[in-house]
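Note that chain A is present in both complexes that follow, paired respectively with chain B and with chain C.
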Partner chain A sequence: MSSHPDPSSHPDARASAAAGTLLEARGISKSFGGVHALENADFSCRTGEIHALLGANGAGKSTLVKVLSGVQRADAGTIALAGETVSFSGPADAARHGVATVFQELSLFPHLTVAENILIGHQPTGFLGQISQRRMRAEVRELFESLGVDHIAPGAHVADLSLADRQLVEIFKALSKKPKLLILDEGTSALGRKEVQRLFDLLRKLKAGGTAVIFISHRMSEIREFVDRMTIFRNGRHVATVRAAEASDGEIVEMMLGQKVERSFPAKTRIETDAPSLLELAGFSAGSGLQDISFALRRGEVLGLAGLEGQGQGTLLLALFGAYRGIRGEVTISGRPAKVATPWQAKASGIALIPEDRKTEGLVLPMSVRENITFSVLSSLGRFGFVNPTKERAFVARMMERLAVKAASMELPARSLSGGNQQKLVLAKWLETGADIFLFYDPTRGIDVGTKQAFYELIVGLTREGKGVILYSTETSELIGLCHRVAVMDDGRIVETLQGDDITEQDILAAALGVGRGRADAGSELAEAAQ
Partner chain B sequence: MSLRRYKSSLLAIVGLALLLGYYWYQQPLIVSPFGFRLLANQGTTLALAALAQLTVVLTGGVDLSVGAIVSLSNAIAATYMGDSPWSVFGVVLLTLGAGAGAGLVNGLLVAYGRIQPIIVTLATLYVYSGFALLIRPQPGGSVPGYYASALTGAWGWLPYSLIVLLAVTLLFRMPIMRSRLGTAIYAVGDNPGGAHMSGINVPRTLVSAYVIGGFLAACAGLFLTAQTTSGDASVGTSYTLNSVAAVVFGGAILGGGRGLALGPIVAAFFISIIISVLFAAGVSSFYQSVFQGAILILVLMFGNAWTLRARNRLQVLRS
Partner chain C sequence: MTTEMRSSPTLASRLSAFTRHGVAVSYVLLVVLIIVAVILNPAFASWANVKAQLQIATFIGIIAIGQTLVILTGQIDLSVPWNLTFSSILMATLYGQGYGFGVAIGAALLVGIGVGLINAIGVAVFRLHSLVWTLGMNALLEGATMVYTNGQPPDSTIPGVVRFLAVGNLGGMPVSPLVWALLAVVTIIVLARSRFGRFLYATGNNEPALFLSGVDTRLVHVGAFVASGVCAVIGGILLTGYASQTYLGMGNDYLLVPIAAVIIGGTNIMGGAGGYVGTIAGTLIVVLLQSILSVAQIGQAGKNIVFGLIIIALVLLYARQARPTD
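For the complex of A and B:
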């Protein structure tokens, strides 16, 4: 692996120094406890461009962002902003220099209002430093209007917003500082297609005004469509900077991974026609969010959930895991009626949930990798309520190897791992609980291509063992590549179920939008399948 | 301003209304100028202590030294106040300064010493109690009569103590909480990491909250001195945990980030008056503290009854 960037692209990066370079980072190094997150890395971007920063897990993207935004100090290297060498004492200092960042870890205050969150630290004040609520809301409303956002009330509490809206608030919070350089660290991972479109409309306006945007995302399609240039990082070093139009998806992935990798899905497990059904739902309903859901999941099958965002897919998974009260309908697991009124009953019935928000629902971030993995299997690792430490460590080591969890030690806090590795911990927690039915809630959101691939293998691996999987994904390609059947949901109901070759992007979208393609009888088909 | 904001205070308000209703039934005399003055005076010290506690609790901390600062203020005021208006004025300032200073020490240790608030304030609880004892080894001392009546008297139906409480709340605490510092205090309690990322000076915000807390605790001590007209180095002990109870009862969350002044103030009156009500109801003094605790638990359980109806239990655990 060469320590120097791809020679073909480097001159281009150099040339940019002349053409209005806003940010120039040279020779940045940063290590954490002996692990080099960044090694002599270079990065530069110009005024008025949207610049994507790409790289696999642990490539050093997040560390670079933290250094650029003043959260962490580099061990070595220089940063120049508009030709002037700078050294930020903290995020506030960086903001004063015109660098605003939307972080991966949401930095919002759930119990303050939207307006307070966005303008925190620079709220408009009047007599005796009193904050003017009226001016604050007006300012925020104006900001919202500039992006065409009208569905978020400035006076609402952030705790009451959806994840997507929270991420929008986070972005507005950065924009409110009127930055010269805006850094979005996976700022769109929770946004739907329409919202991403809107966001980029705004980014283009900012760009026209001379603002530089550094954009980090794992969604290739976004990157290709909207950015001007891309910089690829690998193992803490700069690999190449290319124009977005110049490189193909395959080439970019190759540069990210350092080897030619085709993004493909592993072959689906063949299901025997007489495979026993694992989970059957009949008339499963939860309030108005979920109505009359009926289906059967067979051993070895991946059932996909599709549809527009928020049509009950998440509710279905949570309800199956016993997180809701007031559920009606019948649940049958392996031919026996089952009761899943609480998460522990669900667990006892062999259901595992990989939840939407791994940081709050899936993991206990301050606790170690080891503790997070063994939470749900402690009783099997010892006797009389005591955990056998030798057994426990062996178990954890086995799981980490099986899932290829990248962590220097099993005693590190889960917080210190990258997003993809955190998600692996969530799965590791469940693999050995004897669960038969795995519910995945958008498991690859915000994780890189390489780890996504590993997840696909894992999901297919589960089905080969005869487990059943219900997968909700916002990426249609995953549903197509992994699922035997896809149930499209709308307004809390399953409106259509696609099978085999019928699972195409067009069919899923058509069903989600209710523009039927002559398959309106699908709902009843499902009910039959459940019999 | 929407009333929904005050939902968290509702439990305390309903609780106090029921308690007062029952008290009135037992003892009709409380609805009189004299009765009002009595009720108001009884709750004001704890209400001020609860405001002190609330300010610290909002940052995600807890201040166990509130009671000690009350005692210290009482000792200083009753020992040095003298008779002339000027010395009264000077000693009041001195006492408030001492309270703010005590809060400053707490805040510096928490913010820059990086020690957990509960341990810092437990340690300073001993230190400040010790200072109080040095100043006033035996109970005694005095304050001028006009000082006492200026704070505890009444103008017809209107007790001066309520005016004092309103003035401290509206003219001192509210402007602070409505400034950027106020938002910062809530933000630090809600998400300390996010606050740092948002450019808030977290240590300075913490120190400010403890200083405000110390100042308010000194206000409580000054009022208590007007009530008792003498000094006693251990008089404030009960205010530490009662202030925590009032804050929780008043709808604030001990983890920080949530809570308004109204709830804890009302809850402070509830907790202060309950003993008199039990006495009026003829409960033997042996059982009074048992009843006091049981009533608090019952009321709080009642307030959490909504969690039984919540559909998504994750929301209950998160709130």
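For the complex of A and C:
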């Protein structure tokens, strides 16, 4: 990484940082029921380094994080912090020892302000002991200045922020405790490219100040440029710790999976030149979030949505599914005018939605796998408003087999499944609703490499059946690998539609940043900068 | 000492595993109460007393059907008391004016359906919380009743069929508990086997996810609130037959007691978990408890304190298991 701008990641600088081991975990074991989540696992990291923790789902990353952050107690093993053996009684105790953690699930209070969320639990108080709003905002403003954050107002309500900004607030909340060790579990899953860049600029500043950062992410290609070392876990054990520059993507994936896997995209379905258009939008608008969207989707086609985070891609998918009010414009499905003012009308028109957040929008987590798979097709599984249990179980078994859902029983709550399997449930409920148009909102966010691959196959499989797919993804490689065309969005509009060989990282980024194709050179420079 | 220290966490964990099934807790509590009652007064076990207790339980149990459905969706119906009172008075007055019992009962049921619809519109269309909306509805119905009766106790003429349903006998069995049993069976089957039942639980757990599955969640609220409105009316009609009269404020005792029965029966007050099987135990518990406290010569104030304590204790117990464990 000779182009790396930060001097602190220079090999010499790194060697000097190597002197201080901050965290040393040895022989950590933890099991749940009969399942060994961690088995005699070792992990260590140094002061002033950014250390990535990688592994497929179920590798034990999250459990390790929970043990290191005091959420769970290990069955066996020792943890030493700066040479001193520690045993945390809980996350608050860990924070007192200088270990702050940002978990996969966001834990913010939506109706409190950014400042209130960041300082929760250690708010500055006035002389009567009351919480001082003024000092709180000042303190957060100071924190933001030191980190170079200028796009989030300390007084804004968290509910009004985008998912990406909420994730940043979550990180600031951890930083406000001035930790020696910061652990980010899936810290970039909601972030677009620019935000990831911004986050790592921030992490480098922390690192320069001697803070160690442990970083967990599935988006390996995006983070590896920024991290110093990587530790790979598999099946609850430590496999290897390597310098980020030393191993190739392929080698790392191989270590994660334990077998050589070609991570490639299935061949795109060929669309006949005379393929009928399945969905046509003309002047489709929703408030100020979506303006004058027009396009046609053909049978067998995957249309990608790209652009910076929050430019109306999510609004477009939700509006098409009837989940927005006040929509204007014409929707034509298979040549006939269609009304999609509500989700049930959209469903009846043959539209399916895999929404942004599977945990809050896609699934009813406490209910069973069986119940979650059948919400959209329940009326076809019985008569007179009643459900035929035999039919239902047969249907669920068939869907679970078709999508290779890994669950010990269809009666388990959806909550107990891994992220990838949960996402499969969200897709499963739509497969036999007769839907022709599938809307995917970042379907592979936070799921492991193997399941991502399965999703690519499923998406291409849908197009082979003549269905149309609209795919929004925060991973540009997915758009390039899967889409026939990519519509780049900015500020609620489609600013450019790329096709065939024109779908490249440079072109997508250039269009997203509004630098245009005439300045392709500028685009490629930006693409490099973003890496 | 050592053994005690070791056994206490296992006891706690066993207790929490047990309370995960609120229904089981409520039935154990019911059995304990029956034993206590019989010890206090062996005449409790007499057929005459059992009949009397079931008679009282019927009103609470039927109203609690609707309340169970509404609470499962994460809402609550506070319009029961004056819905019950208004519809019962309307029925008795119409019958007294010479309309047939079919018209009189039909009009009462229409009131219940209308009240349920308006409640559902507030929750599902205007997205207001039912706590406020149905409370307003209750006040509105109270006002309507006052206007309708001029604030005077109404003259009540009770149709014979209502008397029969409320206090009649069928082959030695009192009729009203049979009515309750029939409605209970239907409720349990609907909750366990119907699409509507499935959607009730899903709405209470995560309404947005059901909405984004393409299900019209407004209709789920309509179903729950209309059921509650109708159950309140049926409860009121039976109560009218039982008391042989209607009176202003006859519904006042039927707001909190059925809600208590639902909660004691293990249905989560936040919605999404529980069911009518538990509510049956909850209903019998509140009735038995009232009866035991009366026998023990404890006044109304004392009864209220005991009820309050039991509800608080059970909510605390159930809240322990409601916390996500993963």
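Some observations on this one:
In this section, the second predicted complex is superposed on the first by the 494 of 531 C-alpha atoms of A that agree within 3 Å, B and C clash if a C-alpha of one lies under 4 Å from a C-alpha of the other, contacts with A are read in each partner's own complex, and residues count from 1 in each chain.
Just so it is clear, contacts are C-beta pairs under 8 Å (C-beta built on N, C-alpha and C of every residue); 3 or more make two chains touch, one makes a residue touch a chain.
Predicted model, so just to flag it, every value in this text is computed and none were measured.
Superimposing the complexes on chain A yields a three-chain arrangement in which chain B and chain C clash. When the two complexes are overlaid on their common chain A, residue A:G148 makes contact with neither chain B nor chain C. Of the two partner chains, neither chain B nor chain C is touched by A:G500. Of the two partner chains placed around the shared chain by superposition, chain C is the only one that A:S416 touches, whereas chain B remains out of contact. Looking at the shared chain after the overlay, A:A323 reaches both chain B and chain C.
After overlaying the two complexes on the shared chain, residue contacts for A:L353 are found with chain C alone; chain B is out of touch. Of the two partner chains placed by superposition, chain B and chain C are both touched by A:E361.
After superposition on chain A, the stretch of chain B whose C-alpha atoms clash with chain C is 114-122, while the remaining options among 6-14, 24-32, 114-122 or 258-266 stay clear. The interface of chain A with chain B overlaps its interface with chain C at residues 323, 342, 360-361. Here chain B touches chain A in the complex through residues 175, 178-184, 186-187, 190-191, 193-201, 257-258, 309-314, 318, going by the rule given at the top. Taken together, the chain C residues at the contact with chain A in this complex read 193-196, 198, 201-202, 205-206, 208-216, 272-273, 324, 326. Here chain A touches chain B in the complex through residues 71, 90-92, 95, 101, 103, 105-112, 116, 120-121, 123, 125, 128-131, 159, 173, 286-287, 318, 323-326, 342, 360-361, going by the rule given at the top. Contact residues of chain A toward chain C in the complex are 321, 323, 342-344, 346-348, 353, 355, 360-367, 371, 375-376, 378-379, 382, 385-387, 389, 415-416, 429, 433.
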